[in-house]
Each structure stands twice: as structure tokens, then as C-alpha cells.
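Structures incoming, each one as C-alpha cells.
Paired with chain B in one complex and with chain C in the other, chain A is shared by the two complexes that follow.
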Partner chain A sequence: MSSKFSYWKMTVVVVIFIGFIGLFFWALSHDPRELPSQLINQPVPEFSVVDLLEPEVIHTQSMFNEKITLLNVWASWCAACYSEHPYWNQFTQTSQLQLVGLNYNDKKEKALRFLESQGNPYKKVIFDQSGRLGIDFGVYGAPETFLIGPDARVRYRHVGVVNSKVFATKFKPLINKIKQGF
Partner chain B sequence: MKNLFMLTVFFMSSLTSASVDLHEFDSLQQEKRYRHLISILRCPTCQNQNLSDSNSMVSDDLKQIVYEKIRAGASDKEIILFMKQRYGEFILYQPEVSQSNVILWAGPFVFLIGFLILFFVWYNKNKGDVSDD
Partner chain C sequence: MQAEFGHYLLVLAFFMTIALSVIPMIGTVTKQSALVYSARPLVYIIFASVTGSFLCLEYAFLIDDFSVTYVAQHSNSLLPVRYKISAVWGGHEGSFLLWIFILSGWMFAVSIKAKALPLMSYTRILSVLGMITCGFLAFLIFTSNPFDRLLPYFPVDGSDLNPLLQDFGMIIHPPMLYMGYVGFAVSFAFAISSLIEGKWDATWARWTRPWTTTAWVFLTLGIALGSWWAYYELGWGGWWMWDPVENASFMPWLAGTALIHSLAVTDKRNSFKGWTLALALTTFSLCLLGTFLVRSGVITSVHSFSSDPGRGIFILTYLGIVIGASIFLFFMRSGKITKKVDFSLFSKDMFLLLNNILLICATFSVLYGTLYPMIAEAFGRKLSVGAPWFNMIFPVPMAVLLVLLGIGPLLNWKKHDFSQVKSTLIKQLAIALFISGAVTFFNDDHYLWVFIGVFLSIWVASSSAFFIISPNNKSTDNRLKFKRLSRGNLGMLAAHLGIAVTTVGIVITSFYSIERDLRFVTGKTVTLGEYSFKLVNTEAVSGDNYQASKVNFEVYKDNQLVNQLSPEKRHYVTGKQMMTEAAIDPSLWRDIYISLGEPLDKSRQVWAVRIYVKPFIRWIWLGTLLMGAGGLLAALDKRYSRKQKITDDIAKKDIKIDIEPSVATCKESP
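Showing the complex of A and B:
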């Protein structure tokens, strides 16, 4: 065998090795439990669900028209929501965006107690007692936060707690894009 | 005393097995379809369980939806489509072949054939050449 051939062999082995290392690092930086939303760039599902605080008010998908909205899925049984909530309380004081809560699969008294004790940062709170609207949104845990454009289409879904770092890296660039017309 | 103990054990065991679904169906056929669907659909929260094994909130809701849809006359295809539109291909334990995953389906066969070809090339080249290392 010529030495040329073994160089070629060596290169192949090294390339495959580097490829695997790259793949492992990529896999490490990705949470396998995070599912991509099926609604990206799709219109929000149609719905007609009451408000948590004003039961006579019925919300529909038109609540997202002509506004940039953050739709935060929360529940009183969701432990991570308690640690996320202070962020929204602070967020709502400075942001111009419409912050809507989706109370998911919860009991009314418990949900109200949550807002009483933790504060209410939401403009409106959709009371999805049955969890069916959550399923239409593809929710599989809480908290989840959807970014919805003024055309009532979903732009992004974040699973897990939102804090200022997550907001700055994941949401802000997309919001700027929407503001520029896309 | 021993009898009392056995009795307690007996009733406790019946308590633990009481978590089966209490759905009523119009026919055995419907129930079979229900059992089949909740076994091939995956729980979105607890990823290594199917709906049938999972007691998570989402799974319970999805099972209820499967049940209601079967009762309302939906076909298996329609129910699977409903789930896929919300949770994606992930919801199926056995994803369907599509453009994005065709490599996963065909990959092993491509590799197998590729290696067989390589092997025969190598074999023919070295035929009779015992001293090669």
C-alpha cells in the first residue's frame, strides 16, 4: 500500500471524528424535550373563551389583531410560573406590548388567588379551564410564551421560564423584525 | 390476624389497579380503536410514554379528546391529523415518511448497500493476496 492511500484514510477518519464531536456538541446545546411549535407563521387557533377576571367578557382570536402580543401560558399548579411571574410584573411596567395571560387547566379560585398574591401583569387573562385552547395552541407544559404578530399569526413559542436574558435573545430580535414590517 | 392482613392486601391491590379508563363505548370496535390510538400516540410532556401509560394532565386531556372524537364518528386518520397539527410528527411513535425524515428511513439501507459495495471492492482487490495487512 502506498503512503498516499493511508493519508486519504486518515483524513476520512479525522473528518468523521470531527463530525461526530460537532454533532455531540450540537446535541448538548439542544434540549430534546423542547418541541417545535406547529403554529409558527400560522394564524392563532379560533376560539371563544371567557375572561378570568371578568366572566362576562368573551375573548376571541380577534384580540390579537393589530397588536404585538405576548401570550403567556400559566397556571397556579405550575411551580416555574411562580418564579417567572416577577419578570412579567416588571415587564408590563415598561413594555408597550400587549401581555395576555392564558390560564391553562386551572381552578378559578386558585387562579385568582395566584394573581392576588403574585400580582397581575396581564391586560387580559383568558380562562381556559378545560385546557382545550391550550391543546389547540400545542401547549404541553407551563409556562410557555407565544409571540403573536399584529396579523394574529404566531411568530415564536418559548417553552419554560422567560427572564430578561431569554427575552433579549429570543424575543427582542423577532419583535424588532415585526416592527420593521416583517 | 393473618386473614385480616390478606384481606387488607387484597383491597389495596384493587385500589392500585383502579386507575383504568372508565370510558363507555358504543361498540367493542370503538373501544379497540381507542386502545390502539392511545397506544400509538405519544405523551408530549413525558416523552417516553404513550398516552395510554401516561397520567400527565396533557395526556389525560388528549385521551379524552380521542375518546370524544371516536364517539363523534371521527376516523383514525382525522384524529391523528388533529394531533399532528398541534404537536407535530413527534406525537406519533412511528413517524410517517416525509421529506424531512426520509434520510432516517432510507439511511440504514443506503449505508448497508454502500458498505456491501465497499466490502466487495475490497474483497476482489485482495483475493488471493493473503500476505496483505
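Showing the complex of A and C:
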């Protein structure tokens, strides 16, 4: 074997290796859970998308007006959503907030089956079949939950499962602030 | 007290691993016997202290010492004892302690079992294992100490173990998986040691093989247990999600499978050497990568542990050093690796080469799918890769692999005359076509995929059958042929048969499962396929740490009672979590699976229920058991336990004056 060839191979391997390390390093400093959406404190993107359960109903950004809303991004292919869902079922029975579901990148029958078997805690479910609205919202993956103020501005974004602990520490203080008019 | 003692033992082990990484390694260079011989006692001390530390944490859990943060977070006084024991590995810190405990166990096993190795190799291997352990221990002590106290104000009771983990599968799944994961550290250490020495030959491969195969067996069973747990515990009937964490364990498995095959070539034919070494390094690197992905929080997944950027940086640095150093070492030495291509296109060597290429392709497609969301985000796009992508890509290399798997084992090394196997292959083809055709004919949907899947399985299975009576088998008496097979060959047959069984299971269950979401009223009967389901009643039950609604169903087939199934909806008191406990009627041919949705009325008489009838799903895990048994048989092959003939020149070359050759080779009878 010629030694030149070995150098060539080594360069390739080293470049790939450094690329990976660089990528991981970048990923660490851009933790998707911590990363605030570019939309924080911005108005929600404009959209007009159908409802999952009532296809004749079309939702627009005005659905967030005058109410404090939690927008929960979910999908039937998302394993974590199955473990998150019981929390929302419980949540919706006690909370006054508007809980809206954003069904993201999903098939209709699978999404419906998910709600039938797991329960439907949502007031309305936006059916974002193409994933277009999710991209506008800056969704990284399901589940994600956005807190939207009565002025239809995004106030907080949480990546990953919400449970009572997450809600109490991350959402509750912000909701109190919004209620006080901030 | 036990927490401080456990912490002390960890720190002690940490310093001992530093000693083990440095002192014996220097000894192998300077040829000082005192330094060289320090390796084994150091390993004993490390193993003893890590074991002690692990037991301290167990003890803290058993006596409900909630002043220890980790115990307070993952246990509760109401938790049943068996789950208190397993709660030790219910979170990041404790599971990493288990990881190190198992690693030190492997190291201990190497120090006992590999005494017949040349002394210098033996010492180097232990020293390399010491380095690996040292890094992990530093990680545990500096970023994730499980013995941290919550003082002076500690909770009266703990916040309980996640109910999903309060389960038999979770007691044994992590230890099994870690046995496999860290087991590859041993083949890594063997490879590094031989690279340092600059000597790699068939003997090296023969030494590595049983260790690698054993690690592979554990990893196989560990992954299978995880899949089985997900199936019955998560309540949605799935057994594999292509979740990043599942992928993190699956990639080393694929690479490890390639490695055990490549090692066979190096052992038997003294070729593929550079490739085998590179694979041994890759496999362990993938284990480290998996650790990074799972424990740093860079990836969103159900299973991943709570994220902490400090930990991520630490593992990334460690990963960079270990992989960087092994790449460096490999290329330093790779010029010296002699290449030998002396086989024809139609030979066992060639088929094993293709096996390796396909498995590596599969590994990289999984790697790509796992990391793609991250790569895309780095370039400013956001998306997630779901199961559909993997389901589309992954079967392609696997299908080709199964075709080759039906031929490869029948061939001779180096060169095989096609005409010799032609008649066997035609017979195989006929059997596989006949059976898969019949199966497809008697079902009414998804012809193509089921046909391909069943065909490939039967093709592999019949090939295994023909292997027993093939002309390669020297015995003339057919009845004796089976007995003449070595354990290695038997193991290979079992593992390949396992692949066939798993493939059938996957294909049939993927395409012929029935699932329905139904609204059930008490007393009502619903018919689904051949089965009728009757909701008998709902009762309130309570366990040690939960209260539940238990809904009793009766399952009938042709008006005969098949079974009574009672899925539960549990409410865990401490964690305030709702859990669905599915009820399953398992059998070899089909599983009936009932999972509760929500109660649809206040009096809990009407329920949303999800019912699955999943044919052949048991075959998936049955196949993995066969693979595991096969691997175990192969690892126990007599050729590895035969006393190795160690040439004197190794001893002469390595040791100058102060160690006598007879001592140096450490020939101790097993």
C-alpha cells in the first residue's frame, strides 16, 4: 500500500470526524429545548388552516384573540405525545385556558384515531397536514407547546413533554404575568 | 453515611483507574516487571470499589434515605422493594453508575479469563480498559454524582420512580443493554492494544471473538427486552419506533454484527485485518456516540435523560479524545497492515465482505436519519425524521443481506465452485417460493411485501437446514452430521434462523395486525375479526402506590371463552400520573392486546378502548432469543478455550531480563 493513499483516507476520516464533533458542539450550545423561538413576543404567523374534526371550519390567527391559549403541537407518530397526552386530559378539566391542538405532519385517520383512543382535551384542533404552519411557528419536533397571549403574541415555547412540574415552573409564572396585564 | 462511603469509593476507583492507565502502560515500555504486574491487582481494587459504591447506592434506596438527592428524585417509601432495587438505574446518575459497575465487571472478567494471553498484550488491554473507565468515572464524579445530598432540608418522602419504569422489563432491560454496550469496550481495548503493539494476526482475532460475541449477545437481548417493554407497557402496541434512543442502541448492534462476521474472516483466513480493527473501533465509537446522544439532551426523545449542557460538553470532549486518539493510532499503524486479497468473487470471504458493506450501509442510514434533524437545523431548517423514512430506507440493505445470507454459509473459504451449490440453491429457491407463494395466496392484502418478507425468511431458514447436510460437513452418515457441527457452526445456524424468525414476525405483524378504537358499554359485545370482546364490569383496585380502574373483558372465539383480560387505568398517587396498563393474551400465533382509553361517562361504565390482534408478534422476540442463544453457543466454541500456543519469540522480544519467559506468558491452566 502506498503511504500517499493512506494520507488521503486519513484526511477524509479526520475531516468527517471533526465535522461531527463540530456539529455536536453546535447542537449542545443550541439546545432545542432551551432555544427560544424567533417568534417570542411576536404576533403568531398568519394562517388559514382547516379543523381536524370539522373540516368545514377554517381557523385563522384570530382564534387566539382575547384569550390566553396553550397551543400544543402533537402527532400520532410522536411517541412522546402518548406519554404527554394524559396530562392534557387532566389539564383541560381544571384549567380555564384555551387549549388548542396543532396536529402536525400527520395523516387524518391516524390523528383521529389518536384522539379517539387517547381522549380529546383540545377545544379546537388545527389540522396542519403539510407541516407548513408548524414550520412557520418554528416547530422542532412534536411535542411542543406554545403559550400565546390574548394579543395573539407568542409568549413562550416549550420543546418536549409538558407535565405538572413543567407547567408549574415554566408556564404558570408567565400566565400570571399575562393576567396582570404584562 | 453510606452515601459518603459510596462517594469515597468512587473517588478511590477514579484514582486507581488513573494508576491503571499509566503505570502498567509505562511498564510495557520500560519492561519493568513491578509496573507490569500492577495491572491485575489494580483491576481487582477498581472492581471491588465500584461494586461497593454501587451497593451503597442500592442501600440508600432500600433504607429510603431521601437526604440523597438522587434517591429523593427516583424513589418513594411506598415503592415496592423490587422497584427500589431497580430505581437505582431509573435516572441518569444511577444508570451511569450501573454502566461503570458493568464496565469494571467486564474488566475484571478480562483480568481473570485472559491470563493466557501474552503478558504484554494482557497488560495493555487492562490498561486501555482502565483509561476508558477513568473517563467515565470522571464524568460521574464531576458532573453527575449520584451521592449528592439534599442537606439540611430534605424531603420527608421521595417524588417516586416514573410509573413507566415500575415494571419487570425495566428491571432487567438496562443491565442487559449496558452489558452489551460496554462489552464492546473490551473488543475496543483488544484492538487498541494490538495497534499499540503493531501486531495483529489471526491470534488477535481469535482472542477477541468470544468477548465480542458475548457483548453482542447481551446487546441483542437488551434491545429485544426494550422493544418488548415498549410493546406491553406504553400501551399503543408498537414494538419499535425508530426513536433516537432506540437508534442509539441499534447502531452499535449493526456495527457489532458486522464486527463479529469480520472477526471470523480475520480469525480463519488472516485477512480483512485493517477492516476488522477499524470496525472494532467504530463499534465502540458508536456506543460512545449513543451515550452522548442519550445523555446530553441534544436530541428530543421520550427516553432521553434530563439535559444538562455541562454533561454534554464533558461527554463530547471524552468522545473526541477517545475517537480522535483511535483514529490517529489507526492511521499511524495502518500503513503496516498487510493487505491480502486472495479470494475469488464466489467465496465465503466475498459474501462476508458484502455482509459487512451492507451492515455498514444500514448503520449509516440509521445514523443519518437520527442526526438529520440536527444537521438540518444547523443549516437553518427545522424538521423531524419519523418512522416512515426509516421504514422505507432500512429494509433495502436488509433484504439484500438476507439474500446473501441464504448463500454465504454454504460456501467454502477462498473459492467455491458454483456448480457445487447450484442444486442446493435451486432447492432452497423452490421451497422458499412455494411457502411464500402459499402464504401470500391465503391472505388477501399487501401481497408484494409479505411475499418478499416470507420468501427471504424461508430462503434463510432452508439454507440453514441445507448447511447441516452440505458436503462441507465431513461426516458421511446423515444422522451424525448434526452432531459433527462445532458449537460455532451451531451458533451460527441458530442466529441465522433467529434472523429468519424475526423477519417473519416483523413482516406478518406489520401487515396483518388489526387495530380498532371502540366505544364499549358495560355488557356489550363487539366482534373484531374472529374474536368477540365483552366488557363485563369495571372495578376499583389499588396497589402499593396507585389506585386503578380495572376493566374486565371476556374474549370469545366461536362462542368459546378464550381468555379474560383486565386492562387497567392507574393513577399513581405520589407523582399524580395516569398510566394505562394494557392487558395481553399472548400466544405463538397471535397476541390479543387491550388498552384502555378514557372513561366516557362519570360512572365509568362506558370506555374508549383500543384493541389489537397482532399475529406473529411473538416471533420478533423469539427470533432475538434464538440469535442470543446462537451467539452464546458460538462464544462457547471449543476453539477459544483450547490452550493457546504462544510462541516464545513474543516473550523474548517483549521481556528483556527481569522476567523469565515462562512467567511472562502467564500460562495458567483455566
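Just so it is clear, the second predicted complex is superposed on the first by the 148 of 182 C-alpha atoms of A that agree within 3 Å, B and C clash if a C-alpha of one lies under 4 Å from a C-alpha of the other, contacts with A are read in each partner's own complex, and residues count from 1 in each chain.
Everything that follows uses one rule, which is that a contact is a pair of C-beta atoms (placed from the backbone, for glycine too) under 8 Å apart; a residue touches a chain by one contact, two chains touch by 3 or more.
Keep in mind that what you see is a predicted model, and the values were worked out from it rather than measured.
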{"item": "Touched chain A residues, chain B compared with chain C", "value": "C"}
{"item": "Which of chain B and chain C A:Gly160 touches, first, second, both or neither", "value": "second"}
{"item": "Touched partner set for A:Gln118, first chain B, second chain C, both or neither", "value": "second"}
{"item": "First, second, both or neither for A:Ala79, with chain B first and chain C second", "value": "second"}
{"item": "First (chain B), second (chain C), both or neither touched by A:Asp136", "value": "first"}
{"item": "Partner chain in contact with A:Trp26 - chain B first, chain C second, else both or neither", "value": "second"}
{"item": "Those residues of chain A which chain B touches in one complex and chain C touches in the other", "value": "1, 32-33, 105, 131, 135, 138-141"}
{"item": "Touch list for chain A against partner chain B, complex", "value": "1, 32-33, 35-36, 38, 105, 130-132, 135-141"}
{"item": "Interface residues, chain B side, partner chain A - complex", "value": "44-45, 47, 57-58, 61-62, 65, 84-88, 90, 132"}
{"item": "List of chain C residues in touch with chain A within their complex", "value": "164, 234-236, 238, 241, 243, 292, 296-298, 300-302, 307, 309, 312-313, 316, 319-320, 323-324, 327, 331, 334-335, 337, 339, 371, 373-375, 377-378, 382-384, 386-388, 517, 576-580, 595, 597-598, 608-610"}
{"item": "Complex contacts: residues of chain A adjacent to chain C", "value": "1, 3, 6, 9-10, 13-14, 17, 21, 23-33, 77, 79-80, 82-83, 86, 89-90, 105, 113, 116-119, 131, 135, 138-142, 159-161, 163-164"}
